[in-house]
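I'd like to ask some things about the structure below.
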Amino acid sequence: MTENTAILLMHCPDRPGLVAGLTGIINEAGGNILHLDQWVNHEENIFFMRIEWDLAGFTVPREGIEEWFLTQFGRRYAVHHTLHFSDERPRMAIFVSKMPHCLYDMLARHAAGEWRVDIPLIVSNHPDLGHVAERFGIEFRCLPVTPENKAAQEESELALVSAELSAKSSGGDRAELTELAERQSHLLHLFESLGGWEKEAEAKKIAAHARGVKLIGATSHFVTADLDQGPIIEQDVVQITHKDTVERLVRKGQDLEKIVLARAVSKLLDHRVLAYGNRTVVFD
Amino acid sequence: MTENTAILLMHCPDRPGLVAGLTGIINEAGGNILHLDQWVNHEENIFFMRIEWDLAGFTVPREGIEEWFLTQFGRRYAVHHTLHFSDERPRMAIFVSKMPHCLYDMLARHAAGEWRVDIPLIVSNHPDLGHVAERFGIEFRCLPVTPENKAAQEESELALVSAELSAKSSGGDRAELTELAERQSHLLHLFESLGGWEKEAEAKKIAAHARGVKLIGATSHFVTADLDQGPIIEQDVVQITHKDTVERLVRKGQDLEKIVLARAVSKLLDHRVLAYGNRTVVFD
Amino acid sequence: MTENTAILLMHCPDRPGLVAGLTGIINEAGGNILHLDQWVNHEENIFFMRIEWDLAGFTVPREGIEEWFLTQFGRRYAVHHTLHFSDERPRMAIFVSKMPHCLYDMLARHAAGEWRVDIPLIVSNHPDLGHVAERFGIEFRCLPVTPENKAAQEESELALVSAELSAKSSGGDRAELTELAERQSHLLHLFESLGGWEKEAEAKKIAAHARGVKLIGATSHFVTADLDQGPIIEQDVVQITHKDTVERLVRKGQDLEKIVLARAVSKLLDHRVLAYGNRTVVFD
Amino acid sequence: MTENTAILLMHCPDRPGLVAGLTGIINEAGGNILHLDQWVNHEENIFFMRIEWDLAGFTVPREGIEEWFLTQFGRRYAVHHTLHFSDERPRMAIFVSKMPHCLYDMLARHAAGEWRVDIPLIVSNHPDLGHVAERFGIEFRCLPVTPENKAAQEESELALVSAELSAKSSGGDRAELTELAERQSHLLHLFESLGGWEKEAEAKKIAAHARGVKLIGATSHFVTADLDQGPIIEQDVVQITHKDTVERLVRKGQDLEKIVLARAVSKLLDHRVLAYGNRTVVFD
């Protein structure tokens, strides 16, 4: 696992020869392909690929790979792509509200070295979780939201995150910075679907739900302008019964949210998620 | 498992002493309690119970148990109940349309002796599945539905089922017949939520679904006037990926429907499902 | 949920009248039964029950309930039982080694108030996780084990835990203390089956496993003299594929261990686990 | 889905350029690649691939593809491979004993057109399931086994199956026949791990199992000389509780076996399973 690799996520209109063409030029430049996942959406005629190759014997210098790809392949086939390197260490800000379970889980994974990511900042609209941030030694910024200042505060949040991530990367190379900023805009918008601070209220609604549902679910998705409408990364359910009290529903729901969110972040950090339109291709 | 037992499903307003009261009178009459499941909905103050006792040493004769229960307990506490006996063999009609997977699965379970139930009749609005019925030696009645005759045909279906079940039970004792007819009205309305004959069309919709859902589900529920709105008995999901073709989505969906429907029927036949309002209590 | 309740877990030889008898005496003493789960192992003729009742109108004073139960019921039927109160706050020591994932998860749940439990002490045979304990402000005691001192150190560990838990409870009432100490001896021996510090080695073995297993599992169980042989409380699996690298296997395994261990602890703290012989009855 | 395709499953020692090399020659011969799954076992340095391409514009005639592949690629890289065509219809014999659940499920799938396969023969060591075969109009051959004739009968079974499959294919082209016979030797040895006719006995053992296991599992695997030791194709579990009677354990176990076996057969028929050594690569 110590090898240094390049990872390319791409999609373009499908046509014969794409796999042969791309693997051919990587091969010619001395790149040994380690993983290749490819899928064609035949209804919409879109070709998707995740390809990872060893940089050890690769003759194109790292900073030239982007341009090399575009010249040799990308521009000809109208490719949308992102290029990643396995030794990059992206930066991720976390937006929280009042419930601590997902925050604790993410910070513990970070502290235990499970994720190759830096977490320089936690942003919240409430002061409640400041002590969790402090416990893990991470900066916590609280921007309270009222109906009047909502739009302004949300802009401040984004500016804050943007500044924080840029500042910390100054001196680093420019391409990486752009790349990270772009990815960052995904990560920090991850949002679990089952709730937020109204968790208990929601669990009560479920408990009293007409028809007696037997499952509850959680979803991790990208966030678009329409908050609960972004493309889905990860989704799972857990069984419930009439015997589950509000307290047990909350516990089951939170346990589910933790694992669904963690799986989504892991897949993003592994560069296995490709969003297009309002959907995702998740390479496993 | 050869012992003959009585099974009582009941609910009533909660108040202290209900468990002690009912177990006390069963005990006094020589009934050894084999299973007792009890649950209180504290929000709505409703007491639910499933209780099963051995009839071996029970001093109340079988045909008097209903009245004994009402006199000793039921009327005093405004109880809703149904009484079942483990040696009953209910009769179930199956309504089908064009897709064979659930029908085959149910008939195979029936033929293999997995369910204690008789299946005297299959009713359909299309002739397609007649050969399946024939293969298992079960009467198949086709009542084609057009926009014009829909209401009339649905009435005919119910009359047909009702007549069939009564006729075949003639000579049997009256109490059992009523009971069976009542339960029958549940069983034959079981309906799996994901589809019917438009299965392929639905799978295509899922395949093209915005947001890229990662799970598909199936639900077995009672049917009310509003066809897809009855209380839920059983519910499950299966994971899907972007790689699933329409054919594989159909296969996964059908496999899920089969098992969800079979679990629901098993629970009904075990008298473990209690419907109230628009919800269910499923005793496990 | 704010009501104060008594919870009785019991088992004894089965005979007619047990449910009626026990619910009768609780009812007579003014106890409103909130939950009752009962099950009979017909092969071995053992009766099991979990019963919870409201102490609000209960006429037996709290400190006399144990004796009241034994006199009125327990001694006559050779009952094994434990008695709990919903407002108790048990004390739990955690034994760890080198892997932080379960420890973080437990301490986060504790810090977030998810569990009604105190965690005064973490004991380890390695210094590695001291910083995690420190982060959550919990005493950490390291007792390194060598082949020579193993037996002695294990005795020291138990003495340490025992002293710590007793000392902190001094002044409390005696019955509670005994009870807590007894429960404690369960909790601190919880152990997840998939590993410990040799996790990576194990994952490598799985990755190279003959036959290509498609699932890995984790189990939480009580610990007996034979370390991996105690009765099982909770058990689950997760799917793996040939594509899972050692790193991903470790991640999946650890995520599974966290949730399986947390579910087991939750069930213990809810007094829903009854161990007998080498098995458990887990009331859901 | 109506396009005619070639599917190649292969593995060989890993070395740079394999993907580029193979996709290059397919592309040159006018083959549009529809699906490509590739995976490298880095521990053992083995390269695995499943590649499917459209035969519409492919310039190599169908009967020459095998030799074309070997000449252009296979011999140079010491490749093990199998070549399949999407319009092939393999023949599958089913070996059964006394339990009907899997047989019914397979025959129903076959009758409903879910699987692209012919089932000309069912072989059993007991007469019990003859009526199931008859219901679906499939030849049933019973070869009772005693301790004395076991080896001889097993040889007869294989000869019978072999003759049956060859005879029915006579007149067909030779290459296909060989191929089918080879695949056949996989299919007919599929075996579900949880049992056979001693099902009830096994369920009783589980019910009485020390430690109180919370899950039961089923596995579909290839069969080797050592009957329960072949490489695993599919595997799943289902939760059980102390409340599950022997009857319910049997039902859960059989439902699990049905779905696990059906998934394995589907994957085999889709040519997504590649066995090597004592393991499998299952392309999803």
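Side notes on the structure shown:
Should a chain be cited, it is by its letter among A, B, C and D, assigned in written order, with residues numbered from 1 in that chain.
By definition in this document, a contact is a pair of C-beta atoms (placed from the backbone, for glycine too) under 8 Å apart; a residue touches a chain by one contact, two chains touch by 3 or more.
What you are looking at is a predicted structure, and each value in this text was computed from that prediction instead of being measured.
Any chain touching chain A that also touches chain C appears here: B, D. Listed by label, the chains touching chain C and chain D alike are A, B.
Farthest chain from chain D (centres taken as the mean of C-alpha atoms): C. For the interfaces A-B and A-D, the C-beta contact count is higher for A-B. With centres set at the average Cα position, the gap from chain A to chain D is 37 Å.
Rounded to whole angstrom, the centroid-to-centroid distance between chain A and chain B, based on C-alpha atoms, equals 44 Å. Residues of chain C in contact with at least two other chains: 39, 241, 243, 284. Taken as a contact graph, with one node per protein chain and an edge wherever two chains touch, the assembly is complete, since every chain touches every other chain.
Listed in rising order, the residues of chain A touching chain B in the complex are 39, 41, 43, 207-215, 217, 221, 229-232, 234-237, 241-243, 277-282, 284.
Across the complex, chain B is touched by residues 16-17, 19-21, 23-24, 26-27, 30-40, 42, 57, 284 of chain C. Contact residues of chain D toward chain B in the complex are 1, 100-101, 104-105, 108-109, 111-112, 114, 132, 135-136, 241, 243, 245-247, 251, 254-255, 259, 262-263, 266, 284.
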